[in-house]
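This is the structure I want to talk about, given as structure tokens.
So that you can tell them apart, the chains are marked A, B, C and D in the order they are listed, and the count of residues begins at 1 in each.
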């Protein structure tokens, strides 16, 4: 019998080792962030990770400030643990990111790490990052995109002209783990998302050897409309359900 | 002495006049965001946000009405609207990279007279964020840079050559500022409109970029 | 106001000219085939078309035989007009196809055309065809796929090694028209499909300058669940509703 | 004289024994289709069809129960099943090309001792159809060729070198036939099982391919 539901977040990441490449499906808000999986990686304490995703995260200190400042326009939940938690704890050696720098003069843990020479940055736009992950999921070795020619992104890459326009060769990017956030799952690992919390999550599903989905709810087989399944279970190896009550990141669970 | 500079809301209003009925529009963070408040009422345009939504409604400013599963690329809560569609980030970027976005309005740190755009590193910072902006700058059918003409310190932002790291070379089609509207053409930077009380000479005095002044420069109309 | 609904099939294809590249979203059954759009192209009589899709179709004569033979396992509707209609009428000069040959000793109109030297065939597998169309939709110039190396598909193509495996360079394939079949549409051109009738149809949407959707039903804006829209309207230029009653292909409509 | 040849249903039954719990399986047209009827009851496998469905139920043989919006890649009507998911053709082929299919069972015109597969042109025809079979042959984790050992005319289908145009070179891992099961290994074609009443010599006599016979060849068990 196929049953991808795993009993705990700690169990879900138990086989992660130092040096792993970890895709993290957070965009920039709490709803699309696999917070409890990130917390479990923090607890596990694996080091020298390469993280892949949109941002390097805020980390707990900046999130606390953000929570206060943003309160008038947005309620930020207490259990939003983002990639900055891992960066701040020194677990990350490299980030393949689109949004490493805070859109303000404040410095994120990732920016601090880069400035201190402890963390390496590979910067690219969202289209290229998405396409590189999809290429890994879909068995494409590399592709030519027009985006980045003549900019910092071009460095070290092949430039080639097609129909009079220049393109960069970009390679598939495969991870060891994809940590993603979804709304509902069934035991096959079929997933649906909610609104813009979909974002990078389905793109990372299947782009790593092991894809782990943190979900709000597990439903019976057949409850998900086959027409509306966004990620077929074939791309998902493990599913963990989020706790109903808020839990601190450093508590085993 | 020239007239007053337009404020951010009026700049956004002017930019929104570019939107034609049926267009797909993507707004960058900052001043461009305000454009959604000024769509001419007789025109129906669809706003696209790179995190995976198209055809959404206004930004929500009351946290009680906000849902964190519906946000724009600037992580602001937005409202649902009939005809809206959700997609994943890869498909959303296919819309951009495939040239299906009619107009993108982007903020700028610098724009050169050749249409080079620098906007991914905040001045004073060493690390920048490309986000989805680079894809938009390279691939939207029309790229509008919406920016003040100078920095708060009075330094030109419309320049002969960008000194900042480029987001995309030769990508900007039109520059809408607080004092003028200019087009990037094969001949160079062409002045199209000036803000009330401003002359072509006033505008030229604030930049080392060469501004071509055709006979039909108009005053910016804002209604 | 945005309103992509067009009043007739003839109007929908009125601007098609000789020599156009036409993607046709049929897989191999009637439900996924844009039959009335194909019929309208047949009526219009444009010539020298390049058709792109899975099959070159059966054409009316073989479909009649198939309808009779298959009756015990499948009811085939009378108004299934497939790409073979266009091939049989001499409107097609080339096919970019995965399944040009009938899976039996019978010859399709397309096979006959090739054997008589009247029609050119560019053969490739479904993965490569899909990916080439998606590349066109998504602004990718070309990509490397492992499929086809060392076979007839390789001829004339660049072979390149990545991580010890050989790949073929395949280019984006853009059409002038995509004729697709969907279940429901709204006036923005948002589309949903039914079951496996989805297949190639959403892949072709947005891969041509003009995408035309033949749909069962048009619904009010807001009736389609935003989470379940498969093709966002941005990829669709025109929508036409299928007749409630069966209509012969050569009747203006 | 050797034993009887296995019929198509029994061949499919033998192939289905390869399916392990949790596997993603894609069945080619023809004899492979029958495999879905013989999945060991204690194992749950998901069938994938390249036209965009995974986890579907049995083929429907009564036209009154059939729905033409649910068909497999052979255009046969299939049934819905809890846990099924629909996708577009490009995503469906990502599942194949990305190596997410555990086993594909494909028919064959010829299989060489190197594991070359020829199956896209029907003998006697000049034009072939690649469909989704080429993607499967190149990219499935395990490719099983399921075919009679010889043609109806007695010509070998398991051969030293394919004379027909290849679907994919060196792709077949295991060959299941009506008289034997063989593995393609770096050393060559290794006999694993023979049908009841058949010997290694009987099998070798029907092909010019060199068959390696290890000491532990078993009789095919079919239950």
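Simple rule for what comes next: a contact is a pair of C-beta atoms (placed from the backbone, for glycine too) under 8 Å apart; a residue touches a chain by one contact, two chains touch by 3 or more.
A quick note: this is a predicted structure, and the numbers were derived from the prediction, not measured.
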Express in whole angstrom the distance between the two chain centres, defined as the mean CA positions of subunit B and subunit C. 38
If you average the Cα atoms of subunit A and of subunit B to get two centres, how far apart are those centres in Å? 29
Inter-chain centre distance, subunit B versus subunit D - centres from mean C-alpha coordinates, in Å: 56
Flagged in subunit B as touching 2+ other chains are 53, 86-87, 93, 96-97, 139
Could you list the positions in subunit A whose residues touch two or more of the other chains? 131, 134, 138-140, 145-146, 193-195, 226-227
Among line, ring, star, complete and other, which best matches the way these chains touch? other
Those chain pairs meeting the touch criterion are A-B, A-C, A-D, B-C, C-D
Give every residue of subunit D touching subunit A within the complex, in rising order. 21-22, 24, 44, 46, 48, 53-55, 80, 82-87, 91, 93-100, 139
Considering only the defined contacts, which subunit C positions touch subunit A in the complex? 131, 135, 138-146, 160, 162-163, 165, 167, 171, 192-195, 225-228
So in the complex, the part of subunit B that touches subunit A is made up of which residues? 29, 49-53, 61-63, 66-72, 75-77, 86-90, 93, 96-97, 121-122, 124-135, 138-139, 165-169
Could you pull out which subunit A residues touch subunit B in their complex? 27-32, 54, 71-75, 77, 98-101, 103-105, 111, 114-115, 121, 123-128, 130-131, 133-134, 145-153, 193-203, 230
Tell me, which parts of subunit C touch subunit B in their complex? 1-2, 134, 136-140, 186-188, 190, 206, 220-222, 224, 226-227, 229, 232-235
